[in-house]
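Reviewing the structure listed below.
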Amino acid sequence: MNLSLLILVPLLTAVAVLLGNGLKQIRAIAFIGSLVQLGLAANLLYVFLQSKGAGNTAPMLFEYNASWFAPLHINYHVGVDGISIAMILLTSLIVVAGILVSWSMEKLSKEYFFLLVLLSMGAYGFFISLDLFTLFFFLEIAVIPKFLLIGIWGSGNKTNSAMKLALMLMAGSALVFVGLMGIFYNTHTFDIMEIAKMQIPLQVQLFFFPFAFLGFGIFAALFPFHTWVPDGHASAPTAASMFLAGISMKLGGYGCLRVATYLMPEAAHSYSWIIILLATIAIIYGAFATMMQTDLKYINAYSSISHCGFVILGIGMLTKTSINGAVIQMVSHGLMTALFFAAIGMIYSRTHTRMVAQLGGLLKVMPFIATTFVIAGLCSLGLPGFSGFVAEMTVFMGSWQNADGMYRLATIISAASIVVTAVYILRATGKSIMGPIHQEHEVLLDATWNEKLAAILLITGIVIIGMAPFLITNLIGPSTDNLMLQIGKAITLK
Amino acid sequence: MSQGPLIPILLVSTGLFFIGMYGLFTRRNMITMLMAIELMLNSVNINFVAFNKYLFPEKLNGLFFSLFIITIAAAEAAVAIAIIINLYRSHQSIDVDDATEMKY
Amino acid sequence: MMINNFFILLRQELLISAIIFILLFIKLGKDRSNESILHVINLLLCLNFAAGFIPMLEGELFNSMFATSKLVVLEKNILNLTIWIISMQSYAWLKTHQHVIEFYILLLTSLLGMFFLISSGNLLMFYLGLEMSTIPLAAAANFDLTKRQSSEAAFKLIISSAFSSSLLLLGISFIYGSTSTLIFSEIPMHLIYSPLQIFAFILLVSGFAFKISAVPFHLWTADVYEGAPVAVTAFLSVVSKAAVLFTFTALLYKVFTPMASIWYAILILLSLATILIGNLFALRQDNLKRFLAFSSIAQLGFILIGISGSSQQGFSSLVYFIIIYVFSNLAAFGVISLVSAVTGKENMNDFKGFYKNNPILSWVLTIALFSLAGVPPTAGFFGKLFLLMAGAANGNYWIIAFAALNMVISFYYYLKVVKAIFMDENEAPMQTIAIPTYPKVAMLICVAGIILTSFVTFIYDYIQSLSISL
Amino acid sequence: MSNYAYVLWIPLLPLLTFVVLGIFGRKYFKTSAGIIGTASLLAAAILSFNTAYHYFLVDGKVNGVFQKIIALQYTWLSFSPGVSVDMGIVIDPISVMMLMVVTSVSLMVHLFSLGYMKGEERFATYYAFLSLFTFSMLGLILSVNIFQVYIFWELVGASSFLLIGYYFSKPSAVAAAKKAFIVTRFADLGFLMGILILGFYGGTLDIGLLIQKLTSNTSPEFINITSASFLGASMLTWGLTLVFMGGAGKSAMFPLHIWLPDAMEGPTPVSALIHAATMVVAGVYLVARLFPIFSMDPTSLTIVTYVGAFSAFLAAVIACTQTDIKRVLAYSTMSQIGYMMFALGISKQGGEEGLGYMASMFHLFTHAFFKSLLFLGAGAVIHMVHSNEMKDMGGLRKLMPITHLSFLIACLAIAGIPPFAGFFSKEEILMAAFHSNKIIYGVALFTAAMTSFYMFRLYFSIFWSKEAAHHDHHHGEGTWSMKLPLVILSICAVGVGMIPFSSFVTSDGVALETHTDLMFSLAPVSLTIIAISLAAYLYKTQNQKPDQLATAWGGIYKAAYKKFYIDEVYLFITKKIIFPFIGQPIAWVDKNIVDGFVQSSATVTAKISSSIKGLQSGKIQSYTLYFFGGIIALSLLFIYIWK
């Protein structure tokens, strides 16, 4: 299958959106476009599994390599493995859901949907790129739409949040760029697969790994560079928050894995203790900070910090299982947090408040939305049957295999966060969903069909992973094996 | 060939140059500033001529260069004065400190 | 032989002078309406630009005073395009101006000077070109004859440029004195690390630095940009800067190769200072022209980093960036000149809620700013990153890191404008502004350039192939 | 040996019910939900009894030893070679025994709820949750893999959360649900750690393999795990103790018991099912499941013993003072589970030594019936009186004869009066305690006496005491569907004691010869009788004696009444320590320091830029001066310094 379609379709959709007029037409176009993307992703999965089943053991499938800036060794090189496919599926799901929840976006709807689609294009491109420059290109494409989405359609202190988010992400990509330069001038290629074959000198790695990792880390809300997350998420319109937490933060995690760790494994190995330290802090710190929040969106945003900590932790532990876990956690957190934001958005659009204290007993009047919220919450606190459990347990298992005492401690501390998670999730649920209802909320209505569809879509994803994790492990397993070959080399080298 | 008087000549020209620069820095009157610049240009002329005469007499590069400098200096002065006049129309003064509207 | 050679090699210069003469004749004849004159001029400029694509040979004239090559031709074509766009953009302003023809004569003369500057093979020719390009600009800067600021800007320009050229001349005279020659090709073999030569070189560099407004020789820039008419500002910030940069780079790479270690260090110092100061000042500007002045200073810092890198890639990335910079900067100036011509407003606050009534202009301005900031998918992204890549070739990654982080600062002030346009509330936003045809075309060209330059890859390959010949 | 794969249907049926009722219940099965749920559970119950029949009486035994049969197993999530989470079904004495208990009790509760929950607005949801719980519990029982246990463990907790919080608009219910979930979650953290440790050293998560590897003194795994030590205790001890921590959380052992009394906020049938018969004994079941490993590590077993014994005693003391009947029952549950725990603790693996194990399972078995009976009875009473408080009751024996009778039977059973079920099981426990550890025996004996005292205190003050205050008897004693379970369970409460339990369920699967010896049972029974008569003397008729007694005991009574202030301690730790000293500081740091840094970086830049604006003075002469200065600087640098 031709991967470029994944970029082409959003592009065409965006153009079509610009040409369309009237909310009805535009959202229809966007929706159809997103459905096509979903279809593409599904088809991609199908053909991928087929050719894997046919015994194709190539690290990357469906590769396409065309020269872009030949003198600078910049190619348009795309290809997928299990991990990227998981990410692509996640993206397409969230895109559909996001467009569904912003079904009645009256204000500047054309620009709004255009930017949403553009954002999704950046994500797709990022996940399929095998050329560092292209990858970086798409990484940055995904920044500006966020700025505009938050700044124009946001709520609260939106411009400040938008500015903070854009600048911090830009700083992140600046660091990434330096890292790329270092890699490029020591290998004279941007091609990830090529570089993986080569051996970057240890000194070089030690110098450039921090740039690359921190750079992507900022995208993945690595402590202490996470402060864009709460404000950004809180101010963003619902769909934007879903994209932000569901997709963009995954760009960071994926980059940390695919670029920083995969290409500079020795450095990753020698720096792993710092990574793990930061991740552990992020996890527990995020969890406790969440406990103190009173705004639903802030609660979810901070919990995202804590959950993305697991991704970093999994990567930092450098065992196959833990990296598997990191990937699963990316997918799971993407779906879960998107669902959470969707539910919050639905509640907010009805009650016009996100303050836990001002809500209550919503289960009575809007059972569907409330149930969605509860499901998201249970997934977030890692209840079996939902994806969160699988992801976290895999990370713990993997981390635990790392027999070093300090790493053990880190694992235990991170595992302890599940209790705190339970505390804040149940507080939020207990106050806003359960308990006595405010009489002014008595008259509110339950979800509309599009909201229901969006929620069901995401829940399905969550439940599938939660009920049948072997599906996703089978998908990403071989790819993580490839990663591990590289990393294993590094660790044995030392 | 002898380059005996070259050094003193260069000293003179340098002196001239810095006198001009000093004038440019200190004078308040625009016309005077313009004259100061002319001084600097002329000192450069002296340089060229002197180099040409005492170092490379076989070619006339320096001389020609100084000729061109003179011409251009004239053109420059013409435009500058035109501008100053126009500025005087709007400012009613040719004190350089009055022409500091745009700053920071 | 000599004669037709003369006609071929000087073709572009001759075309420009021809246009100048045509204008003079028009001036002599009975006076026509500004519109008709502008139609003619824009047509001529368009033809002039088109003529640039006719292939022509390389060679030298006036015993190597004048040299041209494919690369030089390309550079001149870029300038041709630029002046055409500028003239189309300033349509709205010139329509009501009483000295249209003079204005064009000044601009074209200065352009002619730049052509000679670019293809100069001799310090004398170089000096002539430089002055020829500067003096008319000073006059042009004063072209809002009634505005105080305009004449103040012109005064500052002429004085400081005269001062810089006198220092430049001093440098040239020292070089002449210490190398016995003015011909570029002969200078290198006489270069020795004598303090005099270093001093002369520094003077020379300062002359260039003044023209391209690198810190600390940049101080005139902001005031002149603010005071001068938008068209002239655009010309200053794009055309003259581009021309001087081409020459400067060629000079560094070809003539002062023996001094590479020194000018490399100088460029790094200048670029760091320039980026930082430019950003810091741009942060707090309210007048858009002034803002663009400082932003262009910051841009220059990146260019210097690019130049400081390995020669070939450095040069190609420079030319590439200039092309993109032309489009982006002119797109921005186009919008601003239109707005200021119609409403006379140039301040950021006036642009609050601009999107409400002028979506198209807003998008053009936004895209331009993003391109200047270096955000994909605009071409500015590639231009800037290629410069940094060229700079990184020497392995000075800390400087790259510094520059990359400064990109974040620059990002802030570009986004500030976007924020004003899209997000800030304004109870009385600017009224809808009708876009005449010429500016529309100009903006179209610019936006197309911004979007497409990076995806039409042969542009870069072509430049690369040319700059090998360097 | 027949194929037990069909056992899969036993958990599956409730799951299906849950899915159907959960998704469509609110719309389509608003009233029929109860029937559906009950029917499917009935089927499950029949299946499980069939299984029991086959296993125990037909083909479970291979040359005198009950086999452990893996009926079904597939890899659910594979971590790394060897270490994987498998879903499967294990058939062995305890799992089959639990199957019977869970399905039958659950069936009774389903039945009872038909009447009890009639007319509830979220009737269907209620049954959906009930089925969800049943499914999770059955899954837990049948687990082959310790991680599978953990998974269903969590699910059980979640469904208990949902059921406790069933009356979601009642803040106290919500609070109780939260408390239950969070406390058990905290315990589960220990469980998880235990799993990680055992799994890491055992190199597998499969219970069978784990036992096999960690019970032979020679296997490398065993040597590793015992040689590796942390804070002086071997990793084996750590692993097991942490696992036990999980068990203690679910089974409400001290100090993790605080959630159980509050959990009574849920509907009474739910308390009967979850917080009396099934979920709360999961901890006991877990320890029993891993007992072979526990038996290799005396330390952890001792911990189990003492925690169990202390909980039993403490709960009994508190129960004597409570006035909310459900809370009394809750504490008695806790105390009985304590019994089971220390019975396990004092037991050994295999043979005569394994008496405690068998006894504990036996008590679990019998306790399930009479305790659920007690709860259902209490439910019926509350249904009538609309109150949980003793003082609102009294003299109900005339109004609700069946309930009265069944309640009495249950009380006798729990008190351990022969020939009621409780007698036999408790007897075995005491016997085991007597043979292994005299202190424990003493405690157990005393606790037994107290048990019978508070149970009859309860009984008398509900059914005798003052004359029946005339409540609205609109629906008398409730529907047949409420009475039937009472009857059935009372029959069980009488009957199940007679089952020769020891010949079926033992630590090593070999039938165990047990003999009730009258001399031995003399002491406990006589003590029990004394206690009962004391209770009768105090509470049979309404009088001042109890209050006088209470005042006489003074502080101790108050302390016991206040549950020894354990809740307050927890509240203090959370509200007064964690929130203000960890949560708020972190939130503050994040807001002011981490984010403050980001913000300030912006403001600082702005400051710098405004502080250097003087450079651009607008004076042409200063410009030229800077220009010249630049040249001078460069020249100095490159002519003199650089070189």
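Letters are used for the chains, namely A, B, C and D, taken in the order the chains are written, and counting of residues starts over at 1 for each.
Keep in mind that, in the parts below, contacts are C-beta pairs under 8 Å (C-beta built on N, C-alpha and C of every residue); 3 or more make two chains touch, one makes a residue touch a chain.
Values in this document were obtained by computation on a predicted structure and should not be read as measured data.
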- Contact-richer chain pair [B-D vs A-D]: A-D
- Which chain lies at the heart of the structure, taking centres as C-alpha averages? A
- Query: Which whole number of Å gives the spacing of the CA centres of chain A and chain B?
  - Reply: 65
- Query: Using CA atom averages as chain centres, what separation in Å is found between chain B and chain D?
  - Reply: 98
- Averaging C-alpha coordinates per chain, one finds the centres of chain A and chain D separated by a number of Å equal to 36
- Query: Taking each chain's centre as the mean of its CA atoms, how far is chain C from chain D in angstrom?
  - Reply: 78
- Message: Could you pull out the residues of chain A that touch at least 2 other chains?
- Response: 167
- Query: Using the touch rule from the top of the page, what residues of chain B touch 2 or more other chains?
  - Reply: 24, 33, 99-104
- Note on the structure: Multi-chain touching residues of chain C, meaning two or more other chains, are 155-156, 159, 163, 167, 222-223, 284, 412
- Task: Identify every two-chain combination in which the chains touch.
- Result: A-C, A-D, B-C, B-D, C-D
- Any idea which chain D residues touch chain A in the complex? 26, 75-80, 83, 85, 147, 150-152, 154-155, 158, 161, 165, 168-169, 171, 174-175, 177-178, 181-182, 185-186, 189, 192-193, 196, 199-200, 579, 582-584, 586-587, 590, 594-595, 597-599, 602
- Message: Give the list of chain B residues in touch with chain D in this complex.
- Response: 21, 24-26, 33, 96-97, 99-104
- Query: Which residues of chain A touch chain C in their complex?
  - Reply: 67-72, 137-138, 140-141, 143-144, 147-148, 151-152, 158-159, 162-163, 166-167, 170-171, 174-175, 177-178, 181-182, 184-185, 207-208, 211
- chain D - residues contacting chain B, complex: 613, 616-621, 624-625, 628
- Item | chain D-facing residues of chain A, complex | 164, 167-168, 224, 226-228, 285, 288-289, 291-293, 319-321, 324, 361, 363-364, 367, 378, 381-385, 389-390, 393-394, 396-398, 400-401, 403, 411-412, 415-416, 418-419, 422-423, 426-427, 430, 433-437, 468-470, 473
